[in-house]
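Labels A, B, C and D are assigned to the chains in the order they are written; within every chain, residues are numbered from 1.
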Amino acid sequence: MIEAGIVGGTGYTGVELLRILARHPEVHIAAVTSRGDAGRRVDELYPSLRGHVEGRFREPLAENLAGCDVVFFATPNGTAMRMAPALLAAGVRVIDLAADFRLQDAALWQQWYGEPHACPELLAEAVYGLPERNRGCIAAARLIACPGCYPTAVQLGFLPLLEADLVDAGRLIADAKSGTSGAGRRAEIPMLLSETGESFKAYAVSGHRHLPEIRQGLERVAGNPVGLTFVPHLVPMIRGIHATLYAPWKGGEADLQDLFESRYRNEAFVDVLPAGSHPDTRNVRGSNRCQLAVQRPAGGDTVVVLAVIDNLVKGAAGQAVQNMNLMFGLAESAGLESIALYP
Amino acid sequence: MIEAGIVGGTGYTGVELLRILARHPEVHIAAVTSRGDAGRRVDELYPSLRGHVEGRFREPLAENLAGCDVVFFATPNGTAMRMAPALLAAGVRVIDLAADFRLQDAALWQQWYGEPHACPELLAEAVYGLPERNRGCIAAARLIACPGCYPTAVQLGFLPLLEADLVDAGRLIADAKSGTSGAGRRAEIPMLLSETGESFKAYAVSGHRHLPEIRQGLERVAGNPVGLTFVPHLVPMIRGIHATLYAPWKGGEADLQDLFESRYRNEAFVDVLPAGSHPDTRNVRGSNRCQLAVQRPAGGDTVVVLAVIDNLVKGAAGQAVQNMNLMFGLAESAGLESIALYP
Amino acid sequence: MIEAGIVGGTGYTGVELLRILARHPEVHIAAVTSRGDAGRRVDELYPSLRGHVEGRFREPLAENLAGCDVVFFATPNGTAMRMAPALLAAGVRVIDLAADFRLQDAALWQQWYGEPHACPELLAEAVYGLPERNRGCIAAARLIACPGCYPTAVQLGFLPLLEADLVDAGRLIADAKSGTSGAGRRAEIPMLLSETGESFKAYAVSGHRHLPEIRQGLERVAGNPVGLTFVPHLVPMIRGIHATLYAPWKGGEADLQDLFESRYRNEAFVDVLPAGSHPDTRNVRGSNRCQLAVQRPAGGDTVVVLAVIDNLVKGAAGQAVQNMNLMFGLAESAGLESIALYP
Amino acid sequence: MIEAGIVGGTGYTGVELLRILARHPEVHIAAVTSRGDAGRRVDELYPSLRGHVEGRFREPLAENLAGCDVVFFATPNGTAMRMAPALLAAGVRVIDLAADFRLQDAALWQQWYGEPHACPELLAEAVYGLPERNRGCIAAARLIACPGCYPTAVQLGFLPLLEADLVDAGRLIADAKSGTSGAGRRAEIPMLLSETGESFKAYAVSGHRHLPEIRQGLERVAGNPVGLTFVPHLVPMIRGIHATLYAPWKGGEADLQDLFESRYRNEAFVDVLPAGSHPDTRNVRGSNRCQLAVQRPAGGDTVVVLAVIDNLVKGAAGQAVQNMNLMFGLAESAGLESIALYP
């Protein structure tokens, strides 16, 4: 059994990791930490876990995590970069679900996250944990930067087009919509049901932290600078991301449906829907799956890709476990086979 | 492997059976029927099942089900009673998720369901599939009447009190609230999001079909006529039932928390929360669990029980599979271990 | 024009007062205060009010309110009782939407609200602002205690039964359900959409602050001690309260429908629905109306009353304005004629 | 008083017209028709209208409407074009909230609506009822084609940019999101709360009927062919449209905030928010207002406009009444001053 530790077990990605790992056939949850709730029973805070996760939250101290084979950071940005070096030195593999190791450029990181990076020397080693793009490197990695939720959906949607060089990478648009769990389990007035229920709005139009991450990922694929307009929106629902992607078609005769199906044929967690489909976030709720559709409306000069994921699963905890499976040589889908909860 | 058939695979209880059985280690889904959608791929109608359930809906004909070990009816009321006799005669075990075999009294059935019962001779043999009450009979049964969703929550809540004769069974009140999936997958204006979203109302105050079913179940326990006022309500959410139960306390010194914990100590799917808890439907969403709390506010003369289930799981498909497990000598929780989807 | 001040203009009852008073033909909003947001434009915080409410939040100082004819307190409990004496002394009429003056017994107040009352000498003078019960006193009052949201719905539902002495007042049950706006505009994790969306639960079963208020109100009607079990629940919606009331029928031949229609015939804001109706909170959303239905299911010994209000209107700001109208000799429905927003 | 008739009073735009007209100071509702519900009391179907709208639905016959000054069609597409000619001939003014007179080209209409137009001779006379563009013509019109909900939001957002020729009209993108009431009050499975609740999806990517309407409107402004990709989405909420608009910036130094504020300075129902704002659909819920924001993220080459309306008010019934006010020389905002219902 793999001994797994979770730092920051009280947020939504943390509790989702617990839900997945508690049923993972090859994992034992060795430690769950929480600064604010240390000492409390895990299942007191999360009654859904009664009978599935025993024990109490502990302090996020190195000694509580040293015996782990792998430690997941489900913490706010800025935590993993302070604790990871010591863990790695102790031979523990680290999977960060936050943003600390997502950007390769420490200056860019500082610009977007507002403080100097605490261990820039690890940025080059960190592997960006998008298995559909980096599977080989992930298997060999000590340190994984799990992609953000929006970046997962947006990159999976654009990848086939950029790899095949079929669209103008200088004029991409990603209009993305997320449920409220993406904002985390934090007491904030704008996330009250009374505020976000029965309402819809965009946010961070002038610049969202996921923008440089997406651009970095797409530029690696395109091999060129990418022009991207990224507008996130808040949907009055709990789970789910829907990315609507627009790209100028360069022309030519490529069959988009074929292209997407071929690209993802061997991917367990990317599912290209039949031509003409409209993926619905409910159909991936609770599952580690991305469902995709692509079309060129009226045969025009704009390609439209629709991509849905559950932001807490393929967009966070599920993808983290998928990375862990690859790192430890397990079946990539171990612990991740559950079916979406519809309706 | 147990060969299972599902009649009526296009409703919410049908698709929930598919979700559970597709991952059940001892079951093979042999046939799924649908009168209206015969010939269509199952995963075309339900994209969440892509890669998990292959094949197409078939006509609900005996020949399509004859090779099954067990057939589940996830049909409207009145279907199972017409098809069950032939299946039973062919040696197939039958689990009805509708109401056809829930009432033992054919006249009462006719009164509430508006037509004569098609096979009253089977009513005596049919076993009411509430494992926490009838486990032994279920294991030996050929024909199971799966309890309704409200009746499951209400009976599990009242059982300990009536078994211990601590309350006046003549003055029980069950104020129950259900998500919209309880109304099924039917095109009806009152169930549109535009109608039920952001709204709350009672319905069927003058008499709901689950009333005689609950009363029958409680009277078996009490050994006496039961007086019950049952008011169901519609909650603007998809899954979940919350039953708030009120019973006049007969007096005495019994410790209610102890009573409930003792009663359900060995039940895998009934979870008595710590004293003072308020169960929340989200904590059982997608799981086969009932969570319960009990208290006597201000030490007064009214006992209040709070019971939550997922109406499609413990209130329908999950409980049906729990019954199947018992009938076939499997572990009672086989295929039913998944953890509630929170948040 | 009546010069009106609002203390605590940033909460949901405050902004609802602004919405109503901004369109009231006889009122000028003279001052809106907010301790936390003083100096900010009102319409910056509430863009729905752009063009309707000018000006900025001010500090809640006596000098900012002294010129008002009436001051509304839309503040947390404990604020009005500290500021009201000086305002009253200055000839300003005071309408408190919080709980400071709702209980006549200062000791009881201290027991439920956790601190000594700051001006117990005013409790006897304060008039409980339920116009359907106290219209005459309200018109003559200097100080109004606006009823709580649950108490409004529960009392309007029980009043006709208790006035006519048709039920056993010792065994009343009020199973009440509220939207999330009842919890106010406060940053609290349990009120996030991610927590309360798609979920339903009871709370405060062991005792809610509205219990003594309701009991006091019902006892004034019944003339006797009242036994009441009150269980509030949280509904995943923003506005609306639904009270389901149960009372033991004393017997006799009274026509309940007639009784309710007669009792409320002349009330502009209480609407008794036709026999057999199920009131729906959406039909009073945004309006100052209570809709009621009553029945005795199966002619049995339990009377069931269903009552719905918008907790922010008839349960708070609308009722406050109704009181103001009475105090100043205006038409009772001035500024309150708007129709519920359906769908 | 203006005598107004409503044909199709049982859909959501019909009941919204009733809500608005019942409180309009210059209008008397003379007749409300419904083919399916003729003979039923209006307030039986819509309890929110009790005490506000008396009378019963009548058959949609010419004789029931002949005495009206104006008739609103809140009917499915294809109804108004059959009844309008006779009404116009009788001197009745007609405002169609459906699509019958929105496209000037009868062939295009037939292509998108699937049947020949019944009165193509009226298309040239019909005035497209977007007051912010066509105020003068509306005042003089006998026949108004009320814009669709999406077209209202999209056109109001793009208008200033196209009028000032600041963007490339050949590459416009409108990513639009609507609440479920836009689909009308029809019994359809995909619109059940159980289906659309807690979910998000695009629809009609290959072509939506509002596309030619928007394109026609924008081309009138641009004076050139317009290239538009239009993707509508369904949001799990009842009311509200959010349009996120993308346009390639032609360059230059124009101040977008100034441009938008100047364009709409004198418009009562278009409200340009301060720079950097993110309009929220809740802030226009129930009001006839469009709130707009514009920016060019990171000073780049894409202009982003955010536009919100209530689809049933500014997107349908409210705009229809605004047109009526203009046609009859009333204050443009008569009956339309109500403030959005927040929260």
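Brief remarks on what is shown
Here is the rule we go by: a contact is a pair of C-beta atoms (placed from the backbone, for glycine too) under 8 Å apart; a residue touches a chain by one contact, two chains touch by 3 or more.
Because the structure is predicted, anything quoted here is derived from the model rather than measured.
Two chain pairs, A-D and B-D, are compared here, and A-D has more C-beta pairs in contact (counted per touch definition above). Farthest from subunit B in terms of Cα centroid separation is D. The centroid of the Cα atoms in subunit A and the matching centroid in subunit B are 36 Å apart. Here the CA centre of subunit A is 39 Å from the CA centre of subunit D. The distance from the centre of subunit B to the centre of subunit D, each centre being the mean of the chain's C-alpha atoms, comes to 45 Å. Of all residues in subunit A, those that touch two or more other chains are 12, 179, 181, 185, 194-195, 197-198, 236-239, 279-280, 282, 285, 343.
Touching subunit A in their complex are the following residues of subunit B: 12, 15, 19, 22-23, 44, 46-52, 181, 185, 197-198, 238-239, 271, 273-274, 277, 279-280, 282-287, 291, 312, 337-343. Against subunit D, the residues of subunit A that register as touching in their complex are 171, 173, 175, 177, 179, 194-195, 197-203, 205-207, 227, 229, 231, 233, 235-240, 242, 244, 246, 248, 276, 278-282, 285, 293, 295, 297-298, 300-302, 304, 306, 308, 343. Subunit C makes touch with subunit A in their complex at residues 12, 179-181, 183, 185-189, 191-198, 236-238.
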